[in-house]
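In the part that follows, the structures are each spelled out as structure tokens.
One chain, subunit A, appears in both complexes that follow, with subunit B as partner in the first and subunit C in the second.
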Partner chain A sequence: MKCFLRSLTLLVGLFFYASSHAADALPTLTTPDDVGPVIEQPIEFPHFRHAGDAKDGGMQINCMYCHTYARRSMVAGIPPIQKCIGCHQSIESVRDKPRIQKLFEYWDAKKAIPWKKVHDLPDFVRFNHERHIQRFYFQQDRPYQEVCGYCHGNVKAMTVAQRQKPITMGWCASCHQKDHLVSANSSKTGHGPNDCFTCHK
Partner chain B sequence: MSVSNLLENWSEFRHTHPVDDKGYPDWEAYPSDIKWAMAIDLDACTGCNACSVACYAENNLPVVGKEKYSHGQAMHWMRIERYWDENDSGFQADQGARFLPMMCQQCEAAPCETVCPVGATNHTEDGLNSQIYNRCIGSRYCSANCPYKVRYFNWYNYPEQENAWPAPLNQQLNPDLTVRTKGVMEKCTFCKQRTYTARNNAKTEGRPVQDSDVQTACQEACPTGAITFGNLHNPESQVAKQWQSQQVDLIKDVQEKDEKEGNRLRGYRILEELRPYPSVMYLERVRESAV
Partner chain C sequence: MTENDFNRRDFLKVLGWGGAAVALSGCGNTSIQDGQETVTSYVTLPSFVVPSISNYFNSTCAQCDAGCNIMGRVREGRVLKAEGNPNSPINRGRMCGLGQSGVQAHYNPDRVREPLLRTGDKGETITWDKALGLINEKLNGTKGAEIAFITGGMSGHVQALLGNYMDALGSKNHFSYEAISPAVLRAANKKAYGMSMPRYRIDKAKVVVSFGADFLGAWVSPVHFSQQYAQFRKGTRPEGRGVLVQIEPKMTLTGANADRWIAVRPGTEGVLALGLINALGKAGMSIPADVAAVSNEYTAERTSKETDVSAEQIEKLAALLKERTPSLVLAGSAAEGYAHGSQNAAAIALLNRVLGNVGKTVEASASVPFPQIAPTVGNRSSLIALNDGLAAGKYKVVFSYGVNPVFSAPASMKFKDNFAKADFKVAFAHYMDETALAADLILPLDSAMEDWATVVPEYMAAPEEAGSNTYAQMSFRQPMMEKVFPDTRGVGDILLALLKQRKADEYKPFDDFYSYLRSAVLKNKVALGGKAGDDDEVFWNETLSKGIVPLKGIAGSVSAKASAAGLKLPVAADADPSYPLRLIPAVSASIRDGRNANEPWLQESPDPLTTIVWDSWVEINPKTAAKLGIVEGDIVEIASRSGSIKTQAYLFPGIHPDAVSVPVGYGHEAMGRYARGVGANVFGMLDAVYDKETGELALNETSVKISKTGQRVIIVKEEGPVGGSQAGKPKIAVQVSADKVDLSKEV
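Moving on to the complex of A and B:
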């Protein structure tokens, strides 16, 4: 009996020891609701004003007008300051707004805006914007806001972008393992590559 | 792919191995429009090591130094093996050394794949043996089972602890693939980053991959053009033509050259009798003085 009690105490102790360690472990990679941290940008860029729907006061600009490399490269690209100025030099009505003044400060100082990365994948992962845009936007003719939103969430309603999806391997695979229609007017189905080597480099 | 999914589908996962009960790679059970393959002409190879150097630069390989090399910790995905022809009076000076570039042979029935306890190395649809660094736990079974000894283990943390790329050399690292850390196995990938880009561009343009789309780093650097690389399933590709002209067949384990006496064929694959069905064909060296 004594032996039994001793081992029981040991087991219970071990359990609590282990569970207390599990609790102190590193912070989890994703927040419980899969929303990424709020990232402070040098300029509080209003995505909702540029990309939002007209009824919400947005300009409905295509994401790929600024993130121009998404359709032809691995990375979507952050627009250079010339792109902002290209439009804003002829929009006098908002010139005195603090964000625009800040933009022109960078422009006059000939400095790039030090944007911070919001959707940052680990270095051992290869994600290709081109393939996803080609498949869903050009071949299937889905609206760009929906296509970009699969991974980036509802950016058209955001000010500075915030991560809304977990962007983990399991989350990517949950889509890649499903059969989807190959194009809007075809009954053929297919799925994304499930080969480790396609995404892991 | 979650762990539970991996465990549930383990048998299916293993069945993507293209060699089934027939005993040879069965393409019907394993359809793909791409099979990367290589042909190396040993008659053209001068043993200059340019391919090896190009591989170091392309694939972020650390230079380990003399001491670690002597401990068997070399990290050359592409190595030049040197053979001396010896007779009773020593080596034949007129023939000199024979060279053989050796890299991962991307076997169709790869011995390394079946022994990995965590499935970190497996077969891709374009006929490569993949090596997933962040899945690898460093058991080194694959290296032990590789008949060509072309798998290299990271015994040290080269980027940080060994300072393999002191600044500003770290700026020359290739961003298209990982800088491996301590405790993982690595090997030649047939320049996966390049084949990936080639396939991607071809797909966007809606056409099959052509020879002009992709060159491996070793092929690009070879001054004598000894290395040919391409899609074996495309009959127009240089590599497919070479394999065909030498009557080398991927699914055979004895090639025509060795089967029949007195032919003029030169194509063979290394250690074919072990039946790993490698993807690299070598063209035998031709010398008048050859025995």
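Moving on to the complex of A and C:
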């Protein structure tokens, strides 16, 4: 019996030691709760200028205007430079700003911009943007800034993106356990898949 | 229990549970890597490209000469996998393992990356300008007759360019070489049916009798025949489920699939064919007089004695063939690799005539209407011609493309020494293989997934609905991605650059092979299925996206004129007691002639019959092995009059006791990290015996002796003990010996 108790204490102790590091508080939407490091990018891209609210001087561009693959593909995609140039070639007013000059340097040299990954999941995790955008943006008809913000935080207030959420399995699962409306016109709810194979293939 | 009883077992239990707890909570702890990797976006991107979603591009497989139409799955600018093109009449959406390995030829780390020039024993990297300039320099002042080209089988616009280049040089010395080629078959077919590659309709036959044609493994167009075979085996077919009889001394993949596998004494396939004709006559079938005159001699007793096949078997087989028509009789390399190989093939072709199969299961095929792009097929006799020329010092500059004769020529030809006699040898090389190593200038080639080409297959399959004998096709090979190594070039581009040295004006409009190909295709828009008014760009893109261009071919016709005149089969001589066994070089479905040996998937995919990986082996009948005291894993020396190899012994009941078999294609001394030093090269030890009619190397004419070296290894193979796992099961079904099975009941 003593032996059993001893084992149990050891087991429980080990468990608490290990799980004390796990994120256990449920995240609130779009608020930062595990801010990642500031990452230096080749061009300090001002998200707030492009996606920010009009009252803050932003242009309120839909996230998916540039990250256009998010609704069709696993990855949201960094836009090709072609896309930046598409607008900026006719925006003379900012043409001589250093960041824009740098952009045109890359374009003229036909060189890709080596952006740093801000949200880099381990290789054994397959996160699918399309499923989440389809579910929350198209089926539930939630505002895009909120939908993207579940994982990416309030990007419209940032210059270069910075991680706002833990993006760990526990954190993913915490949201998958919640009941979400099936669609905007239905009161039925369901929660996210819980199979290992959904993300680990 | 006392405190001290907290023993090892409890500790391990706790550790196990604790470990699980750590693992579980660890999932919440895995931090993502911020800002370490780059995500490089595109500069420009066509609208059809979506990252993480694949695009498919139609192309043509280059792993063997069957020319299957494939689709490459391309994601984020990388080709990841090949699939079969479902619209292809050749492979109908299917692919083989050899084809799948094409991506490993493409990404192979041992590819040649820059032009290399030999100076003495050393090689140095040079620029393309210098390399092409050097060729120009060497060719100036060299007569056309002193320039030779050795290539594999070729077709399409690359062949047309090569032809133009040779014309510009005034050279007529194009040697088309294939190490393993159906050259004897082509000649025999031409004689018997009037065309060298008729269409075989396994799917229409009720019985297929194959004399060593491994059509499911490595014969002519295996993926196509596998598709036909699947139809052939369907019980729901109007003709009912087909019966396959395979006659060969060494069991092939096709033999393993057959209803009846008959081990014939090596070389007596023709005798058996005539014996069958005789038996058919006895069974009441009418035999044309000229055939009967020859076949009458082959009574059941005589045939049985010569071929080692029992008279009862022959009789049953004849009964089967008589009962079920149409049938199809095929002759393969196992029957043709002899000094009398053509005679064997002719005797076998007679069977098709007697059984009335010509026109039913042996159909006419069509040829492409453009002779410049029609396939030039290779054979071994051309290598002999080149070798003789080299030995006599006739050739000063030799170009080699797509072949590796230094590896695959028998040592007795002394090809390597003769090759060295040429002053300047240029190798268009994918790998630093044995031939490239012997060359003076090595030009690195694009892989088949980076290059442009058109391909016309030798064996012209047709879609069912085409129904006529005028279907011919040209297939496109197009790049699926940017070059892996930036300094390689396509063979078409190299030839074009060389042509510009000779005929600058004529070829000035073409910047590269792509523009040459495009303009050549657009010029013949109407013949290639377009309309005169079609927009060029639209037509070109549509053609490329399909990958297959159906052509109105020149119709051929088959005739049942196979003649028995002049047919003479030698009486098998008694074996030379010092070399008592017959060596059968086997062609495996994956390694083939060895050109793809540096693709590790092929090395590690188990041989279908022995399940051996990453090595050569010699198959020995258990009876023969018992006599010689050999057990599995013994390293044995196999010696012929012309050479010897050492390899591991594998006891295999699927081989005639008088024969041993070693797969070809292994034993490279160069080529790359996956091929070099793996196995033994059996090509080197073959005796220089040739088929009397075609001059083709008689692959199976080498007699050998086997001796143990005293070493023994554990064979690396997939298979378990014979009969598989028997755990908890009663004995497996008792095997019935082959001659006790009543074949008529199987029908």
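By our rule, the second predicted complex is superposed on the first by the 168 of 201 C-alpha atoms of A that agree within 3 Å, B and C clash if a C-alpha of one lies under 4 Å from a C-alpha of the other, contacts with A are read in each partner's own complex, and residues count from 1 in each chain.
FYI, a contact is a pair of C-beta atoms (placed from the backbone, for glycine too) under 8 Å apart; a residue touches a chain by one contact, two chains touch by 3 or more.
All values derive from a computational prediction rather than experimental measurement.
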Touch check for A:R131: first (subunit B), second (subunit C), both, or neither?
first
Output check: A:K116 vs subunit B and subunit C. Expected answer is one of first, second, both, neither. What do you get?
second
Per residue count on subunit A, the busier partner among subunit B and subunit C is C
Touch test for A:P79: subunit B only (first), subunit C only (second), both, or neither?
second
Go through the superposed model and pick first if A:H200 touches only subunit B, second if only subunit C, both, or neither.
first
Is A:K55 in contact with subunit B, with subunit C, with both, or with neither (first, second, both, neither)?
neither
First (subunit B), second (subunit C), both or neither touched by A:K188
neither
Considering only the touch criterion stated at the top, classify A:M169 as touching first (subunit B), second (subunit C), both, or neither.
both
Let me check the overlay on chain A: which residues of subunit A are in contact with subunit B and also with subunit C?
72, 169-170
In the complex, go through subunit C and note every residue touching subunit A.
1, 3, 5-6, 10, 13-14, 17-18, 21-22, 24-45, 50-53
In the complex, the residues of subunit A that touch subunit B are 72, 123-124, 126, 128, 130-131, 134, 169-170, 173, 177, 193-198, 200-201
Spell out the part of subunit A that touches subunit C in their complex, as residue ranges.
1-3, 6-7, 10-11, 14-15, 18-19, 21-24, 36-37, 39-40, 69, 72-75, 77-82, 106-107, 110-122, 163, 166-171
Mind pulling up the subunit B residues that touch subunit A in the complex?
1-2, 5, 122, 124-125, 128, 130, 132-135, 176-179, 189, 192-193, 196, 200, 203-204
